Amino acid sequence: MSNSFGERYRFTIFGQSHAPAIGVTIEGLPSGFAPDMDALAAFLARRAPGGGPFGTPRKEADAPEFISGLVDGHTCGAPVTALIRNTNTRSGDYDELRRVPRPGHADFAAFMKYGGARDVAGGGQFSGRLTAPLCIAGGLALQLLAKEGVTVRAKIVSIGGETEPAAMQAAMAAAKEAGDSVGGIIQCVCEGVPAGLGEPMFGGMENRIAQAVFGIPAVKGVEFGAGFAVGAMRGSDNNDPFYYDETGAVRTRTNNHGGILGGITSGMPVVFRAAFKPTPSIALEQDSVDLVSHENVKLAVRGRHDACIVLRAVPCVEAAAAAAIYDALLESRGI
Amino acid sequence: MSNSFGERYRFTIFGQSHAPAIGVTIEGLPSGFAPDMDALAAFLARRAPGGGPFGTPRKEADAPEFISGLVDGHTCGAPVTALIRNTNTRSGDYDELRRVPRPGHADFAAFMKYGGARDVAGGGQFSGRLTAPLCIAGGLALQLLAKEGVTVRAKIVSIGGETEPAAMQAAMAAAKEAGDSVGGIIQCVCEGVPAGLGEPMFGGMENRIAQAVFGIPAVKGVEFGAGFAVGAMRGSDNNDPFYYDETGAVRTRTNNHGGILGGITSGMPVVFRAAFKPTPSIALEQDSVDLVSHENVKLAVRGRHDACIVLRAVPCVEAAAAAAIYDALLESRGI
Amino acid sequence: MSNSFGERYRFTIFGQSHAPAIGVTIEGLPSGFAPDMDALAAFLARRAPGGGPFGTPRKEADAPEFISGLVDGHTCGAPVTALIRNTNTRSGDYDELRRVPRPGHADFAAFMKYGGARDVAGGGQFSGRLTAPLCIAGGLALQLLAKEGVTVRAKIVSIGGETEPAAMQAAMAAAKEAGDSVGGIIQCVCEGVPAGLGEPMFGGMENRIAQAVFGIPAVKGVEFGAGFAVGAMRGSDNNDPFYYDETGAVRTRTNNHGGILGGITSGMPVVFRAAFKPTPSIALEQDSVDLVSHENVKLAVRGRHDACIVLRAVPCVEAAAAAAIYDALLESRGI
Amino acid sequence: MSNSFGERYRFTIFGQSHAPAIGVTIEGLPSGFAPDMDALAAFLARRAPGGGPFGTPRKEADAPEFISGLVDGHTCGAPVTALIRNTNTRSGDYDELRRVPRPGHADFAAFMKYGGARDVAGGGQFSGRLTAPLCIAGGLALQLLAKEGVTVRAKIVSIGGETEPAAMQAAMAAAKEAGDSVGGIIQCVCEGVPAGLGEPMFGGMENRIAQAVFGIPAVKGVEFGAGFAVGAMRGSDNNDPFYYDETGAVRTRTNNHGGILGGITSGMPVVFRAAFKPTPSIALEQDSVDLVSHENVKLAVRGRHDACIVLRAVPCVEAAAAAAIYDALLESRGI
């Protein structure tokens, strides 16, 4: 089902932006594992709102409460469920959105799927807030991967088309000043991933990482290694030559394949990029429709919103990648 | 498992390039459906080898034999299995590849996963030949979608970085002449897709289409709507304004969202692009390793190969998209 | 994964007996559905502890808190999560059980699977208490089935081998008096189930109902229609003759097939029975082992336990059946 | 989907009784495994028709053709597909059955599900013949389990209510003489199963074995250990006392739990029984309906049928159990 990811490390996310709580149930954690709760809190803090000038001013502790699966701080083998209470909700901001869908947002699609019963407050189940439970599941996967020598690190490579830090800051400032928003691209590098993870065809690592990463709101593209640039390349440029390194391991001199060949990891770093669209909620007036009066109308979104979601999305990308890789790692042990 | 795709329209692909046969088992076809076998043959012919100057000269009829699920040409409710016999195999071409993995190919990853028992002949289970059964499953989905008013059409938008037909031809000719290969980008447009298909988070249409499309060998990137370009856009540019058209339907003036919002179809055309790397098998000498002698060696791939796989990949992209959309369509009826 | 059931109506149960909470996340509820919370509470009350002379004296309100998926009492399309807090825990009762597994209980198997980290308090994740979230998921399915004209009613048909109410009471009283426990058999009848639900082979209704019902702790057998008695029958006795009834519907004169033929519902009532073993926790001294000292030891289980779990299991059987049938009903709409 | 079983050792069965072929695709076989084809043929021969006085006289070699997944007799990591051609079909026998469903058979349910397009010849996809591919998948699992020291052996414990060999033979002879059929019960004992396999709740070994075994046509009940008898027992009788044996292993003195506690294997033999109804196809005249004329009619089934399917079902039960156990064994390695 749609709110679950993974086969061996499997988690199910629940909640809406303004429901009493959001959370996640995780199956597949080894028993006897003691999560580093401080490290998890630090990881969650990287995506928390209120962290800077370009994020929403909504402030929430986002401290997860573990309600099952732990005994004296150690996993006991039962599924682990963690909750985050939604304490700072302002449903009143969103009444107009029940009638008038925001361009670029899931509002309209949700109306077509769920009808009038859909939860519009704060984006409901489509809110970026649901990436907090993703980060809990992914954050624990990161800790388990670290024990195996695998690291997963994402970074912003461009915002608003700019690739230099100063220019990226300027692009965000200009968008915010204009009541607008701006998109960006995040790159993720996973080192220490053993060769042989993933499966051919639909169970390949590209398939799985893409399935996880497209679960983050606002992602419109995912590419691996040289990515879309391969379309302009020749085989002699794109093929990564093999060689034996000094340790006797097979490596490639370049990494256009992004650590994945035939869906299976090669032992080289897994590298991918995700494109994030600009936050659809902007203060500028936009054309929309009134779903009740059936008229074309103008809309200016009020409320608290990020001028650039990309900043907070970095740990979400790491979380998605870590979950997919750890799931494949567990799977590889059953072969 | 890795060789299966879909939940409600589910198919499982089997076979290797030089096994006795390749094929597919399809579950979820409605009973009483009479596949148009001529239309299916024509669809399969679009990906068949031997069709042009830039493809492999290997010629095979690729006529599927339906061994179960049909009675007097109609589906009976049982799973449908179709086989394609591999009649024109030349295993002798591939002996060196058991020792020396081709750069850019799945050879090495397969060795790390399956060891010496892997099937190296013709690429084994990683061969592009396995897209033939994908096209059977997708081709039947296309016929069923057509009954619902949904069309799926893919086309090449660039080869070797060139976007004009003449320049694309020249790029392929130059690559072939050089004993090299060249990549490209395919765009797919799905019209008539009803609003409301797909699910939030990991069951979104982007997630599913990406999972299907990354199942085609050589795909290194998938993007929807404006795709990676969103990273350089502002919300006011990227957001697609809503309006009521003359029929009273809600439409968007632009389609940067590629017909998918929050993972759910909006009723606008679903549009995506896939990047195909150049065929890794090239005649030019490359650096590789000998997995037996543990030495760095030179490799020049002999045998029959495509200078540009992109030509034959077009129906594969349509097949992958059709399978994902038809699966979601069946799913939507159960809600 | 093990804590989830269903494909279209899918729920995931979490929690342990003495964790902060137990609960369930349900996917597949239609949007706009207003659960009858009073009816649900009444249904849950049928399995709640503290209800009679033969149950555990542990009293808990077991009132579910819905933390997501509802807006103003109606489902919004997002997964529905309900929690039950564990307020009346007495972990101190269970210290000995960490060393000495109770015969007939999951203790030893849990030790072999999860090691020392397992949760032994109150049976951990193996506790019968986890049937409360099952009853939430199943209770909502029952409400949705009722709208379709489907009713699911279970009843006790024997306890301790006795089939008359007075004798069943006496069997329970005698067992309790002896510090012992006693098993029983529950029969479930599902009326109004439309013909054509379920699938051949591994997706049959027998397979699915069995998968659900064996998820209730203590079930050691499941049989449909005439059940194990078919082994002693001839075809001419067991075959249920067809006839057209006065409404023009095809019926069978007998129902040895229990409403399921070839895995698919026939339109006759679905009838099955489940055998419940006696509660393994008894006050009588038993032989066991000390997993720390590696000695054979004697064990007398202290604490609060049911003399006969069968009484409280009746709604659990209804819940399991309802979930399986509603799941199949949703599935049938996608064909 | 319904024709697939398993998560880690997963197979998909296809075909109908009188389709060109039946077969199975198996995912999860380790690479480099050389199936013992003679042993497999001997295993399949145990369920083949034509083997004795009480089976159908239809004779087929049932020799599987492996069309993918093997290279030089060894698994290569790709899915393994095996076919059995249906060479000895007599479709003419079954024309009446299109109008008149056989009591006790899947005919009527298939009509309600698939309508007029269903395959009635030889029972279509509901035929017992589909247990041949089950036996291929299970037979390979048996070979792999044997390498792990696990044996799976089933035997008939009663036919027609008789438990002694001579009386069972007499019951079958009498049924055959009368143009009737007779049911029976098969018990399966799995030795050497390591402790710790399976998962709590819906992923328990009872749930999985039941899901597999109910996939065999004619099974109407499955029970583990003491089974339905537990309903009449007290805890002090049913609980199996633990002790340390001379090797230092924990064992139980009795095995009422059938090797499964809380869904998880205990290390004791896994023991279960399955009840098989008598073959519904009998020569005696029965009441049925004409689905075209909508009249009540009489039916006497012609053609080749087993007087007692139980004889041939023994290897099928072993196959189902082996598949479920090997799947769980693979799963346990990923934890």
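Letters are used for the chains, namely A, B, C and D, taken in the order the chains are written, and counting of residues starts over at 1 for each.
Rule of thumb we're sticking to: a contact is a pair of C-beta atoms (placed from the backbone, for glycine too) under 8 Å apart; a residue touches a chain by one contact, two chains touch by 3 or more.
Fair warning: this is a prediction, and the values are worked out from it, not measured in the lab.
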item: Most remote chain, CA-based centroid, reference being subunit A; value: D
item: Homomeric contact subunit A-subunit C: same or different residue positions, threshold half; value: same
item: Centre-of-Cα separation between subunit D and subunit C, whole angstrom; value: 26
item: Approximate Å spacing (C-alpha centroids) for the pair subunit B, subunit D; value: 37
item: Centre-to-centre distance between subunit C and subunit B (centres being mean Cα positions), rounded to whole Å; value: 44
item: Overlap residues in subunit C, where contacts from two or more other chains coincide; value: 1-4, 13, 28, 31, 78, 110, 113, 125, 200, 335
item: Complex interface listing, subunit D residues touching subunit B; value: 1-4, 10, 12-16, 19-23, 25, 27-28, 31-32, 65-71, 74-81, 83, 110, 113-119, 121, 124-125
item: Complex contact set, residues of subunit B against subunit A; value: 1-5, 13, 101-110, 112-113, 125-126, 130, 158-161, 175, 178, 180-185, 195-196, 198-204, 206-208, 210-212, 214-215, 217, 219-244, 248, 250, 252-253, 256-258, 260-267, 273, 275-282, 284, 286-289, 291, 294-296, 335
